[in-house]
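First chain A sits with chain B, and in the next complex the same chain sits with chain C.
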Partner chain A sequence: MTINLSGLGIDYGAILPELIVVGTAIVVLFLDLVVPADRRGWLAGVTVVGLLAALAASFPLWGQDRAAFGDTVIADSLAAFFNVLLIAITILTALISPRFLRALDLDYGEYYILLLGATAGMMLLAAATSLMTIFLGIELLSVCLYVLSGFARTALRSQEAALKYLLLGGFATGFLLYGMALIYGATGSTTLRAIAAATTTAAASNVLLLVGIALLSVGLAFKVSAAPFHMWTPDVYEGAPTVVTTFMSVATKAAAFAAIGRIFIATFPSISSRWYFPLALIAIFSLFIGNLVAITQDNIKRMLAYSGIAHAGYILLGILPGTTQGFTATLFYIAAYAVMNFGAFAVVTAIGAGGEQTADLSYWRGLFYRRPFLATVMTIFMLSLAGIPPTVGFFAKLFVFQSLVTAQIWAPLVVAVIMTIVSFYYYLRVIVVMLAQPDGAVAENRVGFSTSTVLGAVAVATVFLGLFPSVVLDWASHAASLHF
Partner chain B sequence: MVIGFAIVAAWELVTAIGVVAFRRPMYNALSLVANMLGLAVLFLMLNAQFLFAAQIIVYAGAVMVLFVFIIALMNPQADISFRPRGTEWIYGVVFGVIFAALLGTLLFNHGLTGRLGAFTPEVIAAAGNVQTIGIALYTRFLFPVEVTSVLLLVAAVGAVYLAMRRIR
Partner chain C sequence: MSWYTLPTNVPWLSLVLVVPLVGALLVVLTPSVAGRVIKQLGILTAVITLALVLAIIGGFQQGVGGLHLQFEEVLRWIPSLGISYHLGIDGLSLFLLGLNALLFLIAIIVTDSATPRLKEFILLLLILEAATAGILLALDLILFYVFWEAMLVPLYFLIGVWGEGRRIYAAFKFLIYTVIGSFAMLIAILAVAGINFSQTGQLSFDWTVLVQHPAAGVWHLPGSLGSVGIPQLLFVGFALAFAIKMPIWPLHTWLPPAYTASPVPVVIVFAGLVSKLGAYGFIRFNLSLFPDAAHSLGGPLAVLATIGILYGAVMALAQTDLKRLVAYASMSHLGFIGLGIFAGNLLGIEGALVQMINHGVIIAALFLVVGMIERRAGTRLRGELRGLGATAPLFAALFLVVSLAALGLPGLNGFVGEFLIMLGAWSSFLPLAVGAGIGVVLAAWYVLRFYQGSTQDAPPHPASFPELRILDVGVLAPLLALMVVIGISPGFFPAAVDATVKALPVILR
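Right, the complex of A and B next:
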């Protein structure tokens, strides 16, 4: 038996961005040995340089349709869209990290290696077109995030978060893998292209396939922290070091939704009548639980965690129509959510560089008088998360609602609109608390150059994209035209 | 064949419950060993002799022996009281039973329509057991294999970080 190498589709160009990110991780791994302990900020610099190279390598993938490595991975506009988004998030995270890590005495090189590993996993997940690569992408990002959420080894809360995330994540992985196995059993293939070919309208009554899709959905819903698979989110977001929460809250969700789009919209359009109802239910649950429980939270990290659950619901709404318009809205929402939620958590990170109890809402009283810059950008992010114009969050919601109207999907739309009004309460409450008279001066350290630059840039982006949403919308609509 | 499968499947179920139900860590680990042996038998029944051997040597042998060693060395107290507090376990049982009943009725009413794979015993016999796996791993599944190596690398970095006690 001879091995035929020509049919393998070996194409390193298609995965060049991922290769660069993994390569950077290995370079950082070795540099960590020689860089002196008080100069670990350099590792952040190396990380950023490597990520910029990966960013540059992502642009040529735009507009292509390059299936590589036997259909396990693809280089197309969708992958390029997510590469740019994920790499940008990671660069911003790496820029705000050194100060925070030093403050908490966590300045170890492993942080950047795991950050890059998680990014590589997310990029792979966004580009994956085979059940195996989807699984490996999810595992790669999860393993890195398990360790990162327990990165504060001496803090009990951080250890608890890591253990909780690991156990529940392992449980969700079981569902995911079982679902994949059943889908493989029903269709005889692991690549999405072949699964799509095997899934005709007649497959709507194939129980093996449907149970497989259901279990797969459970695993993915866990990753995007959609209700009722959200139980881990508040504890992990609260316990993990804030800078890690900043990264994982936006990046994981984005990457997992790329896979959801490829699976539900591109692979199973012929049986959309079967997955529509469960997904709609998950979206409605997320909107209800996320928005209603967020009201009662006095810890800003927990509040943002529940708000993240609610936003997972909004993003999922865009998947429901199964149309390109809906998926465009989803992609726009993901980008908007990445910008505004990153910003909100980055403010918590900047304030938390002093200590961990700062996430309590009472600490934020009178922030406008003590830290006018941080309070101002936080106001912008809160307005955007609530969906008030002229911020990007308004258009994100508008486009999703629009796609639901076009598709004549009314029940989830009504829930979403009502819950949006409910959400005003807890977002605006943060602003009100920050405006209240301070009840005593608390000594705080300054924000630092790179962090304030990142915060300023993200705040400007939030408003700019709110004024000119068409910039991202054009990219999103191009990336949403899935074809494989 | 079906009877054999039913016996092994029942064995798998019982040992899997043992992994989570026993109170002593050593019993949990040994249940897992028994579970993996049953899995190996399943591979054997599917004519995958190489996977059978690999499963026994790597998982039941190497990995689980390490588990058992670690448990023996750490010598945790016999009863780790990890009982669910209050009435939480009732929800678990209720939803578990509902889920199992749903799955059961679905499968019972509709039956399974799987698809036969390409690797029938005749095909494997013609190419050779080890060769079939090796060629599949390093051609069709080359990329996933490479990604797995990255996964192991970051897992090692993370494990070393968490386990290390750095003294400054």
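Right, the complex of A and C next:
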């Protein structure tokens, strides 16, 4: 409850991983000037090395409770959990990038700088404990992603995606910022700790506060692409270069959910009866729209975009009970989603390295006979996204459902179960299409070594965590025990 | 049984799961051009598994252990949620495990070496064998659910890729039905554990723990809609999954297309084994976890089972396609098993367990016969077949034994189970026993018409139906032997089953 007034609480150790990532971005920026154009793969190597250093710096944060910079960021287990997750995603993205970028003639150093910038923003968002740092994190990651979405400078779809994302994202940021202003007005503080303290008193019934929370929720729901704030998702996912979609579909969602957890679970538990209903409604909306519209999609990137909306709904369900158990399930789900959805998009990336028209489902006909490896790992990811054991996706759903049963939240649970059954249709459809007899020979491109290694590792992780979920569950459980 | 004692430091049951998976791995590593090697690998794996299972059956000691469970293995899996890797075997699962190993061996042997993508076919069969064995062995509800769902994926592919006719439609319909039931069961599983947690303070998904504290309580519906007993609600959750799998009328509509579309090796394990897993689930979970609800809901379910007997029999009479005929016959026979279970007395449940084995043996043999007819005659339409016995007397003889077993002739195995079930039903629900009796009469009708119509009468000219080969006799032989052995010494099975059923907290009528 005490705000560190002696100095500003400057503690660079608490944000060391973020600093390393930003530092790596600066190094890459300068290296880009001296590395010859045909050696830009080196930049990916430097990026990975920097990220590995940041990963190493994240582990000491585990188990700490280290508020810094005037209570605006915190180095705790939750931050460490997300640091590891986000850095891992970024490393894998960097590993599959060079081949894809070269194939599309997009091999520029700025790509890695923007990737690192977005990662730093996401990590900051996961560690943020003040409205200002939350905003800072969101903006940092968003601006980088706007540019990355439009990175295919000559492709019209990519430009359209970037513009759409920028305009709608700016609009959502407006909501977010206005909400923050109202919350500040109601509670007199921007740090979550002070806001939490204020809401336990008379301010709890303050209309300003409630409207503020509502607007803040809109901004965050936009970032996790929860319905009805999801309109941008299919277009941006489809138009952006696939490797960028791969990254942002999992990383952005993860980081934004870290903030949602800190805000709803840790800051506003005392008024959970107020936010429960709107949040439940958003979750149910996401489940309905994501799963039902995904059925009609013939483009695999759009299908995965709607599936991502649906999964945002499942993840939100874990927030609803407002319990540590529920938040544990949420964290596990985020990690599981990161693994399986990254895998699914990475397969699209590997196929797309030959050209960008390959996301159409008709191209995937008979993939089992043409490219058995890619088809097999894709099958694993589809089964996992559908939640069929023994894959990690099953336990993700199981833990969320269990937290709802324990909290006796029935209506959203019933919707989630029914929608899960619906989701089988479109996930299994991909498998059926891949199993169908191919129409004829289609020009092939080989999968590079690093891409196939990444795909293999992610597929193994999907199954391994589906057999032994306990380790990650324990981590999630430890990270979920937030307290202010 | 218990002819010898197996060493206790070997995880026998895990081996039953691991051996097919190791075989599957070896199949993966074999290049797909080596079709013969792949099939031989599959047969070898299935033989080893069968040998293991036979060793376990031989070493099974009757009436030992708390719930008469043996070869138990408990490993920590997800300790924070009370989920464990708990395997065990008792009188309920012992012989079904044997049936599982036998039918998969037969299925792999009868797989045509010319099957396209043989490698994936054998691979999926081996994975399916591990999953179905896991269903029989799992004693943790979540572990059970994992196997239950894992079974779905290989089956879906086996029908959807290698099936015939409207295979994708059939596979999809089967999948959707099953998944709906599965999720109802999943929610019930979570609720059972949650209720047990609130009653005892111990979070556990272990069947041996849950079975000691049957769920109780009443759920008051919102408004003034009355109230529902929570055990009844949970019972229905489990029952939905198992009733769809069996299937119990009116949840059977996925069955005819799925059985008809399945290739012969798949339909042998599908009809012979997978349908029994639903019946097994009823006894293992519904009867023992919710004894009160099983008592109060047993009556309506027994009525549905009897309707299934008659409906299946009448539909079997109406079929011209032999595969569909056997599919409906299978459904009719499963109605008997359901009736035995829901009769809720010792005779009925014993009869159901015996009949599960019998049905597996008989239906597998019938589908094999249909497969042989189709491969030789090029058709399986009843009207186009006649006089097969003239050129293939051995075939006709073996077919006759199978037919007589299927219609329940005393001295063969079908009679034993049906008789026990009828006795059980007689003392619980007299009118239903009469209905089931009519089903037996109808069975004689459609089976004999099938047999006589196809084998007797003068053969068409030129008679071209070839006699059985050694291999065909070889795959039918163990099934025929079982029919005779069970038929002559029926006391063999109930002894092991009896002790287990008595140890369960089942309310007997």
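The working rule: the second predicted complex is superposed on the first by the 474 of 484 C-alpha atoms of A that agree within 3 Å, B and C clash if a C-alpha of one lies under 4 Å from a C-alpha of the other, contacts with A are read in each partner's own complex, and residues count from 1 in each chain.
Definition applied: a residue touches a chain if its C-beta (ideal position, glycine included) is under 8 Å from a C-beta of that chain, and two chains touch if they have at least 3 such contacts.
In this text, all values refer to a predicted model and were calculated from it rather than measured experimentally.
Participant: Tell me which of chain B and chain C touches more residues of chain A.
Facilitator: The larger set of chain A residues in touch belongs to B.
Participant: Once the structures are superposed on A, label A:P469 by its partner contacts, choosing first (chain B), second (chain C), both or neither.
Facilitator: After superposition on chain A, A:P469 lies in contact with chain C alone.
Participant: Is A:P389 in contact with chain B, with chain C, with both, or with neither (first, second, both, neither)?
Facilitator: Touch partner of A:P389: chain C, not chain B.
Participant: Between chain B and chain C, whom does A:G185 touch in the aligned arrangement: first, second, both, or neither?
Facilitator: A:G185 sits against chain B, while chain C stays out of touch.
Participant: Looking at the overlay, what does A:C144 touch: chain B (first), chain C (second), both, or neither?
Facilitator: first
Participant: For A:N206, using the defined touch cut-off, is the partner it touches chain B, chain C, both, or neither? Pick first, second, both or neither.
Facilitator: The first partner, chain B, only.
Participant: Quick check on the superposed pair: does A:D65 touch chain B, chain C, both, or neither? Answer first, second, both or neither.
Facilitator: neither
Participant: Looking at A:V417, would you say it contacts chain B, chain C, both, or neither? Reply first, second, both or neither.
Facilitator: After superposition on chain A, A:V417 lies in contact with chain C alone.
Participant: Looking at A:D298 after the superposition, I want to know if it touches chain B, chain C, both of them or none. Which is it: first, second, both, neither?
Facilitator: In the superposition, A:D298 touches no partner, neither chain B nor chain C.
Participant: If you look only at chain C, which of its residues touch chain A in the complex?
Facilitator: 76-81, 142, 145-146, 149-150, 152-153, 156-157, 160-161, 168, 172, 175-176, 179-180, 183, 186-187, 190-191, 193-194, 197
Participant: Would you mind writing out the residues of chain B in touch with chain A in their complex?
Facilitator: 103, 106-107, 110-118, 127-128, 131, 135, 138-144, 147-148, 150-151, 153-155, 157-162, 166, 168
Participant: Would you mind writing out the residues of chain A in touch with chain B in their complex?
Facilitator: Per the stated touch rule, the residues are 1, 3-5, 7-8, 10, 15, 22, 25-26, 29, 37, 68-70, 72-73, 108, 110, 113-114, 117, 120-121, 124, 130, 132-133, 136-137, 139-140, 143-144, 146-147, 150-151, 153, 185-188, 198, 205-208, 210-211.
Participant: Which residues of chain A touch chain C in the complex?
Facilitator: 383, 388-390, 394-395, 398-399, 401-402, 405-406, 413, 417, 420-421, 424-425, 428, 432, 435, 468-470, 473-474, 477
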